[in-house]
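You will see two complexes here that share subunit A, one where it goes with subunit B and one where it goes with subunit C.
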Partner chain A sequence: MAGLLGRLGRVRWWRVAILTLVAVYLLGPLFSALWFTVYNSRLHQFSLAPYGQLFSAPGFLASVRMTFFLALTTIALEFVLLVPAMIAIQLRLPRLRPIVESIAMVPLVVSPVALTAGVSTVLGWGLNDQGSWLFRLDADLQNQSFPLILPLIYAILVLPFAFRSLDAGLRAVDLKTLVEASRGLGAPWPLVLWRVILPNLRTGLLSGAVLTLALVFGEYTIASILTFVPFAVWIVQDGQGSGQLPIATSLLSLLLSWAVLFLVSFLGGRRAAAVTDRSA
Partner chain B sequence: MAIATDPPRTGAADSALPRRTTRRRPRNLGAWGAVAPLLVYSAVFLGLPVWALLYQSIRRTDPATGVTSFTGQNLTESWHGIYLTAMWGSIRLSLLTAVVSAVVGLVTAQAIAQSRGRLLKQAVLTASGVLANFGGIPLAFCFIAAAGTAGEATGLIRKIDPGFALDTFTGLVLVYPYFLIPLMVLTTMPALDGLRRQWREAAANLGGSAWDYWRHVGGPILLPALLGGFVLCFGSSFAAYATAQALTSGTVPLITTRIASVLSGNVLAGQENLGMAMSLDTIVICALMMAVYLPLRARSARWLDS
Partner chain C sequence: MSAAGLELKDLNRSYGPVQALDGLDLTLAPGELVALLGPSGCGKTTALRIVAGFERPDSGKVRVDGADLTQVSAAKRDMGMVFQSYSLFPHLTAAENVAFGLRLRKVAAAERKTRAAELLDLVGISGLDARYPHQLSGGQQQRVALARALAVRPKVLLLDEPLSALDAKVRLQLRDEIRRVQLDLGITTLFVTHDQEEALSMADRVAVMRDGRLEQCAAPAVLYERPATAFVAEFVGTMNHLQGTMIDSELVEVAGRRLPVDGERPTPGTKVKVLLRPEAIDLEPLAQTSASTTDSAPTSPSAIGTVRIATFLGSITRMTVMLDDGTEVKADLPSHRASEFPAAARARLIPAPRPVLVVEP
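Right, the complex of A and B next:
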């Protein structure tokens, strides 16, 4: 008790003032959004109706389902590409590390808008001669019900985050000893990967996956410029007219992604937190 | 002694006896095989679009003759007229919001780093992760509820600034720190966590005041993290598109919304590749920022990891 009082006493007033201001600024819009969605000022009554209407809103379920599959594809792609490569770099090819690290930094320099500009140009090339395999590939990539091009670009977009989270996970375990021990006991490579390395990377992989899921659900720039309608684009399109619904959806998606990330960070303790801090 | 007993991790394979070279090659072949897909993928989905961007930004089709040729005209025009206005708008907005967010974010991070509640810290860090990286559209809508035309706090804000509206430059200045402050908290938290209590105690034991500690120990160690955080905030603000588009529908001139509008065909004939030229401009600006940031990060990492 005395310790607590002493600690409170040491807190300086300016810090309290700034933290209060920041807290008001950060929590204000969230509470406004909550109030806006549950209180009807014309009828003076509270109702959770906007949250119920969500599921019957036209296009909601379709966009959520599509975005969910886009996210799963992105996660799978990202792990298949990154996990073996990063293990190989850690164990055998450390001199490739700077190269892969700088590739993982490039998406921070090439903004999503710029990347989309490039991608739309490349996609445009395929449309030049109809009937060729390039044209068919192009059309398949831009299929409206499942635009495969989006996860392919998202995998690039999440490279900085995924690289850091996996890197933190790999550095936390003594990979070399683990691998040598299991190889020495006669385990073939796939078994080592599946039974030894992946379980050790569990929290890193999990938080990487959750971050990717959240990123894909929030991604608007690329999808809207390439004229696809996943979740974030749907909110905006649907939000032009009606008042409460898009705000309810936004609040819900923010809180949900935060809750999931928070839970995951507890599963992994400090290590998962490190993943988010070094994200940028 | 530690150096002698600790085998260098990186050079172990290379410094092996020459006899082992024959055995090493097939093993490394497997490692290359594991890295190759990533390299090829990056080349196709990152390298190819960027190359297309570079190429298209110096190509131009004359609408009268239909002849396409190499020219520097796109790049020149991207620095004139409404495109220059948009670029200035973006740079001004980014500088302003990045400065504010860097200062506020650093103070916030410091307060959180010193609090001992693990729960609070974890909650703040994960919330920052969500807001800094994925906020975009949901954030814009929360602000519409808070400070939009029918917003809950709009009246309050208009008492301070009577002309306030969310779809103006001022509106964006209000909204952007909402995802930049969390970003700053995330980037400076490791550095703040790395400041050891012992350093402060050592400074106090040697007779230094709090000011001396920050002037000679804490400050120099934090400076790279602070500048790095500022650079990232600038970059994030500069590259932001979703928030601006959802709030203003492009009425505030910004480079990202301008590029998007050119890409969707909103441009004079012959100027189609201006979008590419402007994208190239943004890449150059972000690359300059990164060139500042990376050495700074390396510098602060050297102190904090040891």
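Right, the complex of A and C next:
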């Protein structure tokens, strides 16, 4: 008995040690950042002023708003392209799946800089012919208030993650049988998609959406090279002038991401809780 | 629910070089339950999916009450289907699943609720209406699937091996339930199964399929007692294969007796396999030391053997006998006679004097 207790004691000690190490590794930088933003070492006093200044900082709200809409547009574009294609592959063309999967993984091996260089070249095609449709299209795509070119690129960048999320969701259900059951009951294809497939893909769709949101909020390279100022670029640009403000912004964006993840988990878990309640 | 007739006319379907259906003809009378029975790959599921509209035949027609539905989409055929795999919509409760088809038909919410409750009651699971599929057992899920298929008042009910994923006890219960509901509603039903016991116990008629063709379609008793072909005879029920010789075009000699031949008749002198049901074989005890008897009964190795196993099946006991020529034979005896044949006892086979089917080995 004494030996067993001794073993348990050792296990617990190691658990605590490992958890402490992990906590220090993960939370240490965050705590340091928080300390840096709220403690004034010259005046030796605490202040939340940097967080208050955030909302009045030039360009902050505009960059957040732009990034948010860029993320929404990317998510919509991603799903409009990917969901029907993946359903069609699952139901009718399973042999194409390895090919589509390979294509979806390509963005992982193409550097954002190379991708942006290619995009820049294409965007330059219309510059010499002012008044042409290509020139107007270029101008629309690069509109500074809402650059449509970014969601088009982000949709490619996020493809590997969105593909994996949706693929896992589709494989978790017997899609063929569900579709045939609903068709047999008289459902036309749009209703099959809306009332049967999408509700059962909710987890995959939410995962894809969260990953896309996180990627768009954190993406710096492409936006910076193309001279747009979404949130990540704004943080870097503003950081040149003030020390505390960009760190406070980063912490706030991290909290925002956590809040979104929590919301997704909450929405996903609420149904399970409701199910449990009903069965009780 | 008005019953409709279903007709499958000269259906052909191939997948590359594989001919799944080869001129299938089958007609179901209104209110009839027909089981499509056959080994894996015989085309029974393909036939059902063509009737449901999930696949198109290369040629042939599907008619319901005389109306040609061959090119009509699955969504517009008014058929109810229960699938082999659990097909309930996971995000909907049992009641919502049942009401799904009614909602598509824009039935008012109150009526949907009432009808779903009625149908869940009909299939014997009232009170589970608020459960999600993952909270139901396999048998309960298939009952909900049956209720869902019936909710839209289909002209034809299609059952694609709905019991195959269930355990034996639940399978028996649900088998009876499906038949009861089908008879109550008088709905025309096409039932695919590879389980002959299911087919024989549930169906008004059983259609045995082989290589995309219909071998025989008849009432279960007819199919069992008067199989049209050797394939049907072997596929349906337990069948013994005894060695025999054609005496002339009408008679075969088996286990020392001459029996009339039914069906295909090989030329006289041909060695054949004689197909005999266990209940068509009687046993006579022999002395342990000698096969000889006082009468003129046959003593050939194909007529005498040793009792290996006696399996009690209630009113009958199935005796497994190893003949001296190496053939294993099963014979059904009334259980009160089983004590005459302890293990290792010697016995002589006595085939019943009925017409038999023969096949050339």
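By our rule, the second predicted complex is superposed on the first by the 238 of 280 C-alpha atoms of A that agree within 3 Å, B and C clash if a C-alpha of one lies under 4 Å from a C-alpha of the other, contacts with A are read in each partner's own complex, and residues count from 1 in each chain.
Heads up, the rule we're going with is that a residue touches a chain if its C-beta (ideal position, glycine included) is under 8 Å from a C-beta of that chain, and two chains touch if they have at least 3 such contacts.
Because the structure is a prediction, the values reported are computed rather than measured.
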{"item": "Touched partner set for A:182, first subunit B, second subunit C, both or neither", "value": "second"}
{"item": "Residues of subunit A touched, compared between subunit B and subunit C (which is higher)", "value": "B"}
{"item": "Which superposed partner A:33 touches (first subunit B, second subunit C, both, neither)", "value": "first"}
{"item": "Touched partner set for A:152, first subunit B, second subunit C, both or neither", "value": "first"}
{"item": "First, second, both or neither for A:191, with subunit B first and subunit C second", "value": "second"}
{"item": "First, second, both or neither for A:130, with subunit B first and subunit C second", "value": "neither"}
{"item": "A:91 touches, of subunit B and subunit C: first, second, both or neither?", "value": "first"}
{"item": "Touched partner set for A:144, first subunit B, second subunit C, both or neither", "value": "neither"}
{"item": "Contact residues of subunit A, present in both the subunit B and the subunit C interface", "value": "278-279"}
{"item": "Subunit A-facing residues of subunit B, complex", "value": "9-10, 13, 27-28, 30-32, 34-35, 37-39, 41-42, 45-46, 48-53, 56, 104, 107-108, 110-111, 116, 121-123, 125-147, 150-153, 177-178, 181, 183, 186-187, 189-190, 232, 235-236, 238-239, 241-242, 245-246, 256, 259-260, 263-264, 275-276, 279-280, 282-283, 286-287, 290, 294"}
{"item": "Of subunit A, residues touching subunit B in the complex", "value": "7, 15, 18-19, 22, 25-26, 28-30, 32-33, 35-37, 80-82, 84-85, 87-89, 91-96, 100, 103, 105-122, 125, 152-153, 155-156, 159, 161, 176, 189, 211, 214-215, 217-221, 224-225, 232, 235-236, 239, 243, 246-247, 249-251, 253-254, 257-258, 261-262, 265-266, 273-274, 276-280"}
{"item": "Subunit A-touching residues of subunit C, taken from the complex the two chains share", "value": "52-54, 73-81, 83, 85-91, 93, 100-101, 104-105, 130-132, 134-135, 145, 148-149, 152"}
{"item": "Partner subunit C, residues of subunit A touching it in the complex", "value": "173-174, 177-178, 180-188, 191, 195-196, 199-200, 202, 275, 278-279"}
